[in-house]
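Next, two complexes with chain A in common: one pairs it with chain B, the other with chain C.
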Partner chain A sequence: MFDPSGIAVVGASASEGKIGYEAMANAAAFDGPVYPVNPSGSGTLFGEPFVESVSDIGGDVDLALCCVPGPALPDVLEECGEAGIGAAVVYASGFAEAGDEGERLQARVVDVADEHDVSLLGPNTSGFVVPERDLRCSFASGVEKIPAGNTAVVAQSGGVAHVLAFQSRRQGRGVSAMVGLGNRANVGFTEAIDYFDGDERTDAIVLHVEGTDDGRGLLEACRESDTPVVAYKVGQSDVGEFAESHTGALTGDHELYTAGFAQYGVPTVDATDDLLDAAAALGNSPEPAGPNVGVVTAQAGPGIIVTDRIQRAGGRLPELGAETRARIDDVLPGVTYTGNPVDTGRPMPEFGELVTAVAEDDAVDIVLVYELFEEALGFPVASLSGLAERVGKPVLFATEGVEEEMAEEKAALAEAGVPTFETPERAADAAGVLARYAELSARVAAEEVSRDA
Partner chain B sequence: MFDPSGIAVVGASASEGKIGYEAMANAAAFDGPVYPVNPSGSGTLFGEPFVESVSDIGGDVDLALCCVPGPALPDVLEECGEAGIGAAVVYASGFAEAGDEGERLQARVVDVADEHDVSLLGPNTSGFVVPERDLRCSFASGVEKIPAGNTAVVAQSGGVAHVLAFQSRRQGRGVSAMVGLGNRANVGFTEAIDYFDGDERTDAIVLHVEGTDDGRGLLEACRESDTPVVAYKVGQSDVGEFAESHTGALTGDHELYTAGFAQYGVPTVDATDDLLDAAAALGNSPEPAGPNVGVVTAQAGPGIIVTDRIQRAGGRLPELGAETRARIDDVLPGVTYTGNPVDTGRPMPEFGELVTAVAEDDAVDIVLVYELFEEALGFPVASLSGLAERVGKPVLFATEGVEEEMAEEKAALAEAGVPTFETPERAADAAGVLARYAELSARVAAEEVSRDA
Partner chain C sequence: MRDADPIDAAREDGRTTLTEAEGKRLLAEAGVETPRFEVCPDATAAVDAAETLGYPVVVKVSSPAVTHKSEWADGAGVAIGLDSADAVREAAEAILAAAAESGIDADVLVEEAMDVNAGTEVIVGGLRDPSFGPVVLTGLGGVFTEVFEDTSHRIAPVSHREARSAIEELQAATLLRGYRGSDPADVDAVAAVVKAVGDFVTDYPIAELDVNPVLASADGAVALDALVVLEAE
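Then we have the complex of A and B:
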C-alpha cells in the first residue's frame, strides 16, 4: 500500500472536478507507472494511455485507487485481486457509515478483499500521501505541497488527515506519510501502526481517533511499537449521532480511551496542533528519562506561562543542583532568577551557556528554552547544536518575533535538530507530553518485567 | 500616554544594544517631534539633535521614555513633571519585584509621579506600541513590523505583550495597541481598560493577568467597558515565588479570578493564541444574542472536532428549524448530514447557500463554518460577505490548506469582515467564547436591572 511499484487509477476520468480526475492528477506525479483505468476512456490522461481494465495491465502495478461508486466495488476488487494487485484505496462513501444497506455492502467488499488478499484503505477516505516518494493517493487539492518529514499521521478521518498535513506544513514541519483510514474495512489503526513502526522515514506516529470496536488491538499495536505514538481522541461531549454518520463508529467513552492509552504507554493530547507538537518533540529528541523539566527563559512573562503549563501537563520543575547554580552565577552574576526557571530578563550573549549548564544538570530530564527573538543577538544556535544528543535529553525551543527576520536562525535550529514551537503554551504542552511519555514508558516497562518474572 | 504630540527619550544613547539606543531607534519613526535627551550626548541620534534635559524642550513633548537606571528616576520624573510632560514609560527593573529596597524606590517614584500628575507605565516593562501611529515606545526589535488591527493587547508582562503582538502578526491580524504594564506603578489594568474602551481604533480588549492587588478595580473597569474584554489569567499551578520575582504580584487564586471575571461579564481563556482568537471573534462580529451555534462543515472529521469542542467550551448546538432543513434539502438533496452540524461531505458550489440558510435560522445565534480549501472552488466569499451584519450574528470561518494558494481568498474574507481561524479547535474555542460572552453579558445586564429596580 504505502510503497508500491505502480498504480492503477480505476475509474480515472477526463472530467475536471470528478474524483477520478483529481485522483489521477495527484497520482500522476509518482515515479513508477501510473495507469488510468476506464473502459469508456480514450486517448491519454496526464500523458498516460487509458486501459480498459486492471486485467490488461502487466505485473508492475500493486496498488489500485478505486474512484468508482460503492456498488461497483465488489467487481472492481475482484478484478484487482485476480490481477495480483494487493492493495486498494476506496474513496466512495455510502458504506458502514450510511445505515444497514451500506453495512451489507461493506461486508461484501471486505469479503472479496479478504478472499483475494487485498489490503483495503477505506472506504469513505480521502486516501494517503507519502511526500518523499511523491506518492499522492488523495483526491484533495494541494497535497503536492505537503513537505516530507518524520511524523506519520494516521487519522480516522480523511479530512482530519489533510488538516494535520497542511497544519504541519504551516508549522514548517512535514510528514513521512499521512493516512486517512475512513471506515477501516481491513486496514485499521493496528495495521497502520505496525507498518509505520517499521518505516525508516518515521520517528513518531500520531493517531486521530474517533472510535473503534477493536480498542484492544489498537492499544496492543501501540505498546508493541518501538516508535513513539501519541493519540488524540476526539469526542468528550456527546457527538454520537453525527460521529456515527461519519465513519460508522461510535466515539465511545473518552475517559476509557484516555486511561487505556495511558496504560499502554501512549500520551494523549487534546487538539490537532498539540498532536503535531508532541510528535515534533518525541520524533526529534533522545528518549526522556523522566518528567523533570529545566526551563531557561529570556523573559519572565512567557517563563511564568511555561512553568505553570508544564506543571499542569504532568511535568515537574526540579531544583537545580548547587553546581549548576554556581555555574550560572559564574557566567552571569546577579541573573534575574536563578531557580528553575532560570530567567535572564532579556536575551544576551551568555544565554546559550546558561542553557548548557541547565541541560547538564543531573536533576533535569528535559530542557525547554524560551526566548523572544532579538535580531542583534539571534538564537544560541552554536550552544544548542548537538546539545540534546550530547546530554541525551530532549531540548525544546520556543520563540516569537517577526517571522522573516527569524527565518534564517530558525532554519539553523532545524538544521541542528532542535524542535521549535510557536507559542509558550504549546512548547510547554510538548514538554508535558515528553514528561508523561517518560513516566508511562517506565510504567509499561516495569509491568513487563513483573509479568515476565 | 497613548496619543502624544511629541516624545522625549531620556537617557538616549548612541551605543547600539543599550536600551537608550534601541528605544530611540524605535521611537524615531513617530511623525511628531522626538528628542534624544542626554547631558553627555553630542551631535544627533537618528537625525535628531541631543538635548541636555527635558527642561530644554518646548511645550510640544508630552511623553517621556525613561531609559535611565532606577535610582535616577525620581529626579528624571520630577524634571518631566516640571516640564509639563504628563506621561512616562519606565523600562528599568529593580523595583517592587526585587525586594524591600526596590519597593521603597518604587514608592518614591510613584509619589513623585503623583505629585506632578505624571501617568507612569512600568517600571519593569518593555513599553507599548500603537502601530497605526508608528508610535513605538518599546526597546524590543521588530516592533515596526507589528501590523495595525482592532485588538488592544494589555499584558501585565512586557514580554507577553510582545509575544501576543508578534503572534497576532503571524496570524495575519494586528493590534490597535500593545501595552506591557509591568509593575503598574500608577497606570494599571483599570486605567488601560478605560482608555482603550474609549479608543476608536479598538474593538476588543485582551488582558494578560498574572495577579493584582486591585482585583475589584480591574473587574469594575471590565464591567464598565462597552468594548468586549477577554482575560487570560496565568498561574493555575504553583508559580508563586517566580511570579513574585517578576512583576511584584502574587499570581493569586486562579479560580477566584475566573469566577470574578465571569461575574463581571468577562469570558476567560487559557492560552495566548486563544486570547487573540477570542478578540478576533468578538471584535469583528455583531454581539451574539445567545450561545446557540450553527455549524456548517464540508468535511465530517473536522466537523466532529468542532462540534465536540463547542459543547465543551460552553456553546450549544440547537436543532435547526423545519424551514431551514427544507431549504437545505432543496439546495442539496441527500446532503451527508442535515442535523447541526450540516455536513456536505466535501466542498461544493452550493456551500455558501447552505451557510446562509443556517445563519438565517432563528434558533442560531452564532455561525461557524469549516471547509478545507479546494482550489477549484475557493471559499464562498460572495455568500459570506456582509452575512454577519445582515443577520446580526457572528459568522466565523476556519479552514486549512496550502497557505499561498488560499492567500487571495483569505484576504477576500478578511476584506469582507469575516474572522478566520487556524485550526478546528481554535475556531470552536472562539465560538465558545462568543457563547459565554452572550450568556455572561445577559446575566450582568439582568443583575443591573434587578439592582436598579
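Then we have the complex of A and C:
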C-alpha cells in the first residue's frame, strides 16, 4: 500500500475538479508508472495514455486509487484482485458512515477485497501521502507542498490527516507519511501502526482517534511498536446507555481510551499541534530514561512559565548535583540562579557550556533550553549539535524572535537534529510528554517482567 | 477451576442478574472476603440465622428481580444494625410482605453487620466493553460513588501492581492512606479485590459487575454488596 511500484488511477478523468482528475494530477508526480484507467477515456492524461481496465495494464502495478462511486466498487475491486493489485485506496463515501444501505455495501466491498487479498484504505478517506517518494495518493490540493519528515501521521479522519500534515509544514517539520484511515474497512490502526513501526523513514507515530470497535487491538499494536506512539483521542462523551450498574454508568469511552493508552505505554495529548510537538520531541531524541527535566533559560520569565508548566505536564524538576552547580559557577560566577532552572538572565557566549553542564548531570533525564534570539550571539549551535546523542538524553530547544532574523540559525539547529518549539508552553508540554513516555515505558516494562515471571 | 454454579443456576432460570448471595459466593470463591451470611425463606429462619451469626445483623431482600435493594419498596429492602430477634423478624416480614404485594419471589438475606465507619467505602467494578473487552473500575464507593465520580479504569486482566496503581491515582487514595489519625487501609487487600474482579470479568460471561461498597480498613477489604449482570446468551 504505502510502498508501491506502480499506480492505477481507476476512474481517472480529464475534467478538472473531479476527484478522478485531482487524484491523477497528484499521483502523476510519482517516480514509478502511473496509469489512468477509464473505459471512456481517450488520449493521454498528464502524459500517460488511458487504459480501458486494470487488466489491460502491461507494466508493474500494485496500487489502485479508486475514484469511482461506491456502487461500482465491488466490480472494480474484483478486477483489481484478478489483475494482481494488492492494495486500493477508496475515496468514495456513502458506506458504513451513511446508514444501513451503506453498511451493506461496505460489507460487500470488504468481502470482495478479502476474497482477492486486496488491502483497502478507506472508504471515505482522502487517502495518503509519502512526501519523500512524491507519492501523493490524495485528491486534496497542496499535498505536493508537504515536506518530508520523520513523523507518520495516522488519522481516523482524512480531513485531520491533512490538518496535521499542513500544520507540520508550517512548523517546518514534515512527515514520513500522512494517512487518513476513513472507515477502516480492512486497513485500520493496527495495520498502519504495524507498518510504520517497520518503516525506516518513521521515528514517531501520531494517532488521531475518534473511536474504533477494536480498542484492545489498537492498544496492543501500540505496545508492540518499538517506534514511539502518541495519541489524541477526540470526544469525551459516550457513556454506555445500557448500564445497569454504577460501573457501567461511570465507564465512558474516553476514560477507557485514556486509561488504556497509559496502561499500554502511549502518552496522550489534547490538541493537533501538541501531537506534532510530541512527535518532534520523541522522534528526534534518544529515549528518555526518566521524568527529570533540567531547564536552562536565558530569561527568567519564560523560564518560570516553563518550569511551572513542566510539573503539571508530568515532568519533575530535580535538584542539580553539587558538581554541576560548581561547574556553572566556574563558567559564570554569580549567575542569576544555579538551581533548576539555571537562569543566566540574558543570552551570553557561555550559554552553550551551561547547557552542556546540565545535560551531563546524572539527575537530569531530559534537557529543555529556552533562549530569546540575540542576533549578535545567535544560538549555541556548536554546543547543542550532537549533545543529545552524546549524553543519551533528549535536548529540546525553544526560542522567540524575529522569524527572518532567526531563520538561518534555526535551520542550523534543525540540521543538527535539535527539536525546536515555538512557545514556552509548547516546549514544556513536549518535555512533559517525554517525561510521561519514560514513566509509561517503565510501567509497561515492569508489567512484562511480572507477566514473564 | 472455580465453581461457576450460580451462573449456571441463573442461566437455567433464564436470568441475567445474580442475587447478592450468588454474587458473593462467586466472589468468595475468587478469594474476596465477604461478611458471613445466610439466605432464608421466611422470618423464623431469618431469626435463627441471626442467632447463629450473632447480633448486630443486616437484613436484605434477596431476589433476582431486585437489583437496587435500598431503593426497593420504600426502603424495606435493606435494614441495618438489627440487634434483636424481634427487629430481625420485623424486617424479614416487611420484606416478604412487600415482595408478595409486588408479586415477586424473594428470600431474606441475613448477614453479619460490619461497621462502615471503621473504614473507607470503595467501589470495584468490572464490565465487558464492546471495543476493549474486559475492563475493571476502581473508585470511591458507597453513596458518594456517582456524586464525585472519583474513578480509575484499567484494561483487564490486571497485575497486582496495576491494581495498586489504579487505587493510588484516586483522589480517595488520601483517605485510604489514613487521615486525621485513622489507620491506613490495607491497600494491598483492596488491590487483590481489583485484581480478582479483573480476572472475574475476563474468565466469566459477565456484562457488568459492581462490588459496592468494598469496605477498606487496616484489617483488610470486605465486599459488602455485589451486583452481577451476565451477558445475554
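To be clear about the criterion, the second predicted complex is superposed on the first by the 436 of 453 C-alpha atoms of A that agree within 3 Å, B and C clash if a C-alpha of one lies under 4 Å from a C-alpha of the other, contacts with A are read in each partner's own complex, and residues count from 1 in each chain.
By our rule, contacts are C-beta pairs under 8 Å (C-beta built on N, C-alpha and C of every residue); 3 or more make two chains touch, one makes a residue touch a chain.
Here the structure is a predicted model, which is why all the values come from computation and not from measurement.
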{"item": "Partner chain in contact with A:263 - chain B first, chain C second, else both or neither", "value": "second"}
{"item": "Contacts of A:132 with chain B and chain C, given as first, second, both or neither", "value": "neither"}
{"item": "First (chain B), second (chain C), both or neither touched by A:451", "value": "second"}
{"item": "Larger contact residue set on chain A - chain B or chain C", "value": "B"}
{"item": "Partner chain in contact with A:287 - chain B first, chain C second, else both or neither", "value": "neither"}
{"item": "First (chain B), second (chain C), both or neither touched by A:78", "value": "neither"}
{"item": "Overlap of chain C and chain B interfaces on chain A (superposed complexes)", "value": "243, 245-247, 251"}
{"item": "Complex contact set, residues of chain C against chain A", "value": "17, 67, 123, 125-127, 129-133, 135, 137, 139, 145-146, 149, 151-155, 159, 161-162, 165, 208-210, 212, 227, 229"}
{"item": "Chain A residues within the chain C interface of the complex", "value": "211-216, 219, 240, 243-251, 253, 255-256, 259-260, 263-264, 443, 446-447, 450-451"}
{"item": "Touching residues (chain side chain B, partner chain A) in the complex", "value": "16-17, 93, 140-142, 145, 155-163, 166-167, 169-170, 180, 208, 210, 234-239, 241-243, 245-247, 251, 270-273, 299-305, 307-308, 311-312, 336-337, 339, 341, 343, 345, 372-376, 400-403, 405, 422-426"}
